[in-house]
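One structure is given below, represented as structure tokens, and several questions about it will come after.
Chain IDs A, B, C, D and E follow the sequence of writing; residue 1 opens each chain.
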Amino acid sequence: MKNRIKRFFKSRKEKIGLPPGTLKFIGEKTNESTIEYVQFNASTHNIEQVNSINDITINNNNDVVNWIKISGLNVDIVEQLGKKFNFHNLMLEDILNTDQRPKIDDFKDYIYFVLKKHRYLDDSLSSQQISFILTPTFVITIEEDNSGLFNPILERIKNNQGYICTSKSDYLLYALIDVAIDNYFTLIEKLDEKIENARELSMQSLDNNKPLIALRNLKDDLNYLRKYILPTKEAVYKLERLETELIGESTDKFLRDLYDHINIISENLELYKDTVIGIREDYISNVNLKMNNVIQLLTIVSSVFIPLTFIAGVYGMNFKHMPELETENGYFIVLGFMALVALILLLYYKIKKWV
Amino acid sequence: MKNRIKRFFKSRKEKIGLPPGTLKFIGEKTNESTIEYVQFNASTHNIEQVNSINDITINNNNDVVNWIKISGLNVDIVEQLGKKFNFHNLMLEDILNTDQRPKIDDFKDYIYFVLKKHRYLDDSLSSQQISFILTPTFVITIEEDNSGLFNPILERIKNNQGYICTSKSDYLLYALIDVAIDNYFTLIEKLDEKIENARELSMQSLDNNKPLIALRNLKDDLNYLRKYILPTKEAVYKLERLETELIGESTDKFLRDLYDHINIISENLELYKDTVIGIREDYISNVNLKMNNVIQLLTIVSSVFIPLTFIAGVYGMNFKHMPELETENGYFIVLGFMALVALILLLYYKIKKWV
Amino acid sequence: MKNRIKRFFKSRKEKIGLPPGTLKFIGEKTNESTIEYVQFNASTHNIEQVNSINDITINNNNDVVNWIKISGLNVDIVEQLGKKFNFHNLMLEDILNTDQRPKIDDFKDYIYFVLKKHRYLDDSLSSQQISFILTPTFVITIEEDNSGLFNPILERIKNNQGYICTSKSDYLLYALIDVAIDNYFTLIEKLDEKIENARELSMQSLDNNKPLIALRNLKDDLNYLRKYILPTKEAVYKLERLETELIGESTDKFLRDLYDHINIISENLELYKDTVIGIREDYISNVNLKMNNVIQLLTIVSSVFIPLTFIAGVYGMNFKHMPELETENGYFIVLGFMALVALILLLYYKIKKWV
Amino acid sequence: MKNRIKRFFKSRKEKIGLPPGTLKFIGEKTNESTIEYVQFNASTHNIEQVNSINDITINNNNDVVNWIKISGLNVDIVEQLGKKFNFHNLMLEDILNTDQRPKIDDFKDYIYFVLKKHRYLDDSLSSQQISFILTPTFVITIEEDNSGLFNPILERIKNNQGYICTSKSDYLLYALIDVAIDNYFTLIEKLDEKIENARELSMQSLDNNKPLIALRNLKDDLNYLRKYILPTKEAVYKLERLETELIGESTDKFLRDLYDHINIISENLELYKDTVIGIREDYISNVNLKMNNVIQLLTIVSSVFIPLTFIAGVYGMNFKHMPELETENGYFIVLGFMALVALILLLYYKIKKWV
Amino acid sequence: MKNRIKRFFKSRKEKIGLPPGTLKFIGEKTNESTIEYVQFNASTHNIEQVNSINDITINNNNDVVNWIKISGLNVDIVEQLGKKFNFHNLMLEDILNTDQRPKIDDFKDYIYFVLKKHRYLDDSLSSQQISFILTPTFVITIEEDNSGLFNPILERIKNNQGYICTSKSDYLLYALIDVAIDNYFTLIEKLDEKIENARELSMQSLDNNKPLIALRNLKDDLNYLRKYILPTKEAVYKLERLETELIGESTDKFLRDLYDHINIISENLELYKDTVIGIREDYISNVNLKMNNVIQLLTIVSSVFIPLTFIAGVYGMNFKHMPELETENGYFIVLGFMALVALILLLYYKIKKWV
């Protein structure tokens, strides 16, 4: 986690003093970008791969929904996009700053929506930024790399299937965000699995700190996700309330449904956080209970044998005149006395419920 | 608990990428569904069991209250319902997604209200979803299975008893939700019992982790219930404030009363959570107090006998020339000296209040 | 505490499925109810005991303030009251449900106000419900039993003393609630005393769990009181803001004063909760400090005498050839060496500040 | 602290049942009250000491600012004040109830403002109530005793210095409250000093509970102050927002500045609370670290010497036939073996990083 | 940290009783102040160093943006500024009180904005105050000393580069605040590094309190920063919402971007606080785990060898008649018995998973 955060702020630092709106990509460089230009309506669809944004001709034909799907962030493409559609520089900067908080920005003529996609890569959370732009006739999506996240939507368009083909670009925006947010359910299932593993680990290893490390990582991950889920929730809420002509009334119901989904995700994160804290508490209590049992054994053994050893020590002294040593059965009497002492002590512990 | 959550998200996952509004049942399959069609007014009532939603003829006669009582979730029935009443697809989807948060959705022509029923089955919390739909002349209830929850209402209608028979469908909705929420009082009583058991267990077993497990389960249950009670509270609150012609003014007082009930339930859950945390704290403190007493005994026994054993060890040495060994009463003097040392040490502990 | 809560919900449970508004008394049965009918104005007063609500004739004469003082809850009386004044069934039900949250209900023609009176009976908190109804010409108070709480007001009326005699029924309502709330100050003083006792107990007994039990009980009591004080505060706040003709403007100042009083009570409860938590923390820290001192002693004694005992053990071995044993002063040299070892160890502990 | 709280509620209790508005002084009796009557404007000033409120003639001359400065609470004076200015009885009662929360009360014709002055007397916090009344031409201040708090203002008036002399009574009110609130900065400096002392104490004494007591007292004090600072903040905020003709627009800026000051005080109290909690946590951690080091020593010494003592014990046995005892170098071989065992154990601890 | 706070309040204390608006510098004295007067528009720029505020001639020419850059706080300069621009005395006082909370004050004709710059100097946080004043034609910045913070802006102006040169004074204000706030990113990177160091330290040193001290300092620093970041956030939020003609609509977007930046900073501080608490928890758990392992060893060694030593002690007794001693193989039988006892005990611990 730390490395990711550090990297972001280093890049941020490089930008200090530069004029706001300076385009500079923050994030891992990807070599290739793919631009797909999708056009569809109820009766037909056309999907073509273009080399440059400039190759797209904007037609303000209301009969068709236009979707530009960009996979792979790249300063050039973003600049071309900015010129072509006359976008605000701050928005272009936000697209490239991949440490953006999820948010919605209303630029009157177009809406900018940004959220995160999280995945577990080799046990560490990776996060990628997805930007959505809604203009009256276009939906533009910009992913950090090509993850195939939007393939189900492409399929539906190709198959001319579902409500999506008969609706406008606002519904397309909703459907795309919906797919991105539904992705969190996969993540939550993964988290559930990791929590169960940590719980089992915490049952077994009471003498090393592996369970603590696993639980700490989980809690860090939950905190990290929470940092992005809460603003996403807020952004969807704002999107629904937005007073704009870009989003029709019929899409409102769907956005409210989206909001319900994020709420379920967010509540589960909270529940998981409580669960992780609870596992940790129980782990520590179990470690202590075990320790107590160990100490109890030490006490019982020590407090029984130390007095007995003392008695043996007394009769091991070399005094000339020790009457007991001379007696016929002294040895056996002492042995019996020792057994008696041990019995009384054990009885006492029994009463105290220590044995 | 975990299994239930996991199951839900697995199902959710299967749906990722499907168009929103795709009807798919999430939850345990029930084999049989029962549909009862109840009609009543102040003077008469008619209860019949029908095979299919299609067998019901919608009469918009204002003189009679219509109640369709569906027990046992089933995709077919929900689809028939949707076609018959022209319901929104998202609502139908919500009815089938049994991991819904309690909520209210106002679709202008009809209102959708959903809440949960919780029960202890073999010591683990089970939860079932109950959906309510209010149209101008119909109340529709959909339960996951046939629990007999609404039988008291059926009885009242059959006996032509109480205010319910002289009132409209909005009051019927209230009465049904009231029964569902009053069900929580049974749950709270069960929780009270479980908390008392955990308290007693925590008094008795200070050396194993059974009390910790019992308390952890209780806390998980309380967290889980809280996750559903809070949105239920919110939904009832919204229901009361709803600007709709579907609910008459005279029902408002009853809805406010309902809100008071959920408040009592919710406050008791909070109180119980505090109680469970308190029992846990006390359990751990008691374990530690016991441990301290054990260590104290170890210290007293060790610190008294270790010096004495040392003295005995000294006179057990085999040096040629040890004057004390030769004296007549050396042995008894040493014994006396040992007794003196022991007495002084015990006196010291007495003063320190350790014995 | 638990028994009280359990009892309430059991009764609640019995009511599940009954039509709302069914009158059923929840709480301890009291055998006798007393009804006093008080009439007074600036110049005169009349206090009479009546057998039944039906014996009272409602006169809407504005010149006199009417007060019906009912001590001892009883389903019959509440029913009579309902019929006589035409009260809403839900309100009558609330009067009988003695596990009501403190609240205010505005029924336009009359106002219903309910709060709690708490008392320590044999070290356990008891709580009683007091209902107030304000109609344009009547104030009705219903207590669970006859506690003499309102005697000071009766006295003032009898002595024709104070502002009360020249004012309307809204001021009487205020004066009655004021007396009920001022009663909390007695409770807070009692709590203060109990906290001081717990603090002293926690100073003295570091080896049993009596202080923990005392503190737990106190915290439970504070949580329990808080559960009732917060809604009381809210209810008074609403009472002051209420847009109603039943309460005159001149009474507003007094209600605001009342609100200040509950605020002081509520803040003190919070302060007490912090105090109780603080005492507990300190108790546990003191127990641990004592334990540490005990362990320290164990360590010092053991670590000094165990090496010495070892040395003595060496010279107690029975080897044929042990040159030291033959020397003239071997014994004394070894004794001296032992003393030296002991001194060095003690010095080391001194430097480490353990002695 | 406890005594103060107890005293207040005892007095409160005495008042239960008395008509509201009954004047009764709660607090420590002071024998002497001083009344100073100050009149000033831009050009002149007149300060005279009067024996009774009745000696003051109210002139509604707008050219001069009138200030009645009462030091030493006294039922008689408050009653005279009430009659002279026709003040509401509840306000007079509030002036005498010195356990009032800081607050502002707007009586249309006049404003009542009350706050607290806190001081450390012999290490325990004392608190005194200061009441301010603002009428169109008069400012009245009532202190519990004569603390000289307002002397700087008197000086400024005497020296005809500063903005105060050219301004109205609303500015005078501001200037007086400002002085009272600035007094908290002295308190915060004192708290800072006490926290530093507690920190140092907690570094040195790890074996007694003095640091715990010091930190507990500090936390109690901070909680106590917070209880008064928050309502003071609220009261100043309300004072600034008050829609009244008594306070001119030009004074608003100054009141906002006042609000900033209380904010700084309040934030510092929060920071101090965190600091005190942090010192406590560190103290407990340090105590435990020391304990761990002690136990580690015990373990090392015991686990090295106990096996060695056992070996010596074996060769101290008196069996007839023990071949080792007869060998020439048996003793030295055993000594060497013991040294080897000790070395191996110490090496093991070294590797484990325990030494 | 403490010293800084103490110093501030001492100075504050000196001012108690002084008329508000009295100009007195709180903070470290700086010897030299530099005043730079910058004028620029799209086509030209002029930067000159002046000796005194009085040397500047205010021209209300709308064609040029005027920026007065003051480095080094100084009572004289602030007084000259006040006279020249006719600023309110309270604002001048705020400029000099360097313990100001970040805030915005709207004086209708001009806006006052103040925030903090924090830096790590030799491992301790230093903080400097930066004041901004926006008048219709002027931007005035006042820094405590000359830190070169605004150099990038100066560069942009000199190079006639970026949007800044074609825009008004409101954009200049934004650009300056932006640079100041971006500075926090450097701080956060530094914090990140310190947290990593503390984490590593906490892994290595489990027996001294260095990690605790490092973590305490970090937490104090985070609390301290949070105290300034939250009001900064609030101030920027207010700046964006301000209804004023001083800030044009086109600048709003930039201010919202600024708000996003502070949000990222503030969220990272919260995340870091959680991280620091987590590291502390883990450190303490690791210390305890190590302690448990140590005690476990003690228990195993003691509980094995103490019984064996007892057996050796028994046969070391000097009783005349001890049959076992006489037998041929007694010694070896006892040795074998001892080995057996040891084996059984170790096996028992193995089963208990203690070894």
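Going forward, a contact is a pair of C-beta atoms (placed from the backbone, for glycine too) under 8 Å apart; a residue touches a chain by one contact, two chains touch by 3 or more.
Just so it is clear, the model here is predicted, and its values are computed rather than measured.
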Chains adjacent to chain B and to chain D under the stated definition are C
Angle of the rotation mapping chain A onto its copy chain E, from a C-alpha fit, rounded to a multiple of 5 degrees, please.
70
Give, as an integer number of Å, the spacing between the C-alpha centres of chain D and chain A.
42
Chain centre separation (chain D, chain E; CA means) in Å:
26
Touching at least 2 other chains, the residues of chain D are 295, 298, 302, 306, 309, 313, 316-318, 322
Determine the shape of the graph in which chains are vertices and touching pairs are edges (line, ring, star, complete, other).
ring
Cyclic chain order - from chain A, heading first toward chain E:
A, E, D, C, B
Sites on chain B touched by chain C in the complex
151-153, 155-156, 161-164, 175, 178-179, 182-183, 185-186, 188-189, 192-193, 195-196, 253-254, 256-257, 260, 263-264, 267-268, 271, 274-275, 278, 282, 285-286, 288-289, 292-293, 295-296, 298-299, 302-303, 306-307, 309-310, 313-314, 316-322, 353-354
Hey, which residues of chain B end up touching chain A in the complex?
2, 5-6, 9-10, 12-13, 15-21, 88, 90, 94, 99-101, 103, 105, 207-209, 212-213, 216, 219-220, 223-224, 227, 284, 287, 290-291, 294-295, 297-298, 301-302, 305-306, 308-309, 312-313, 315-318, 322, 324-331, 334-335, 338
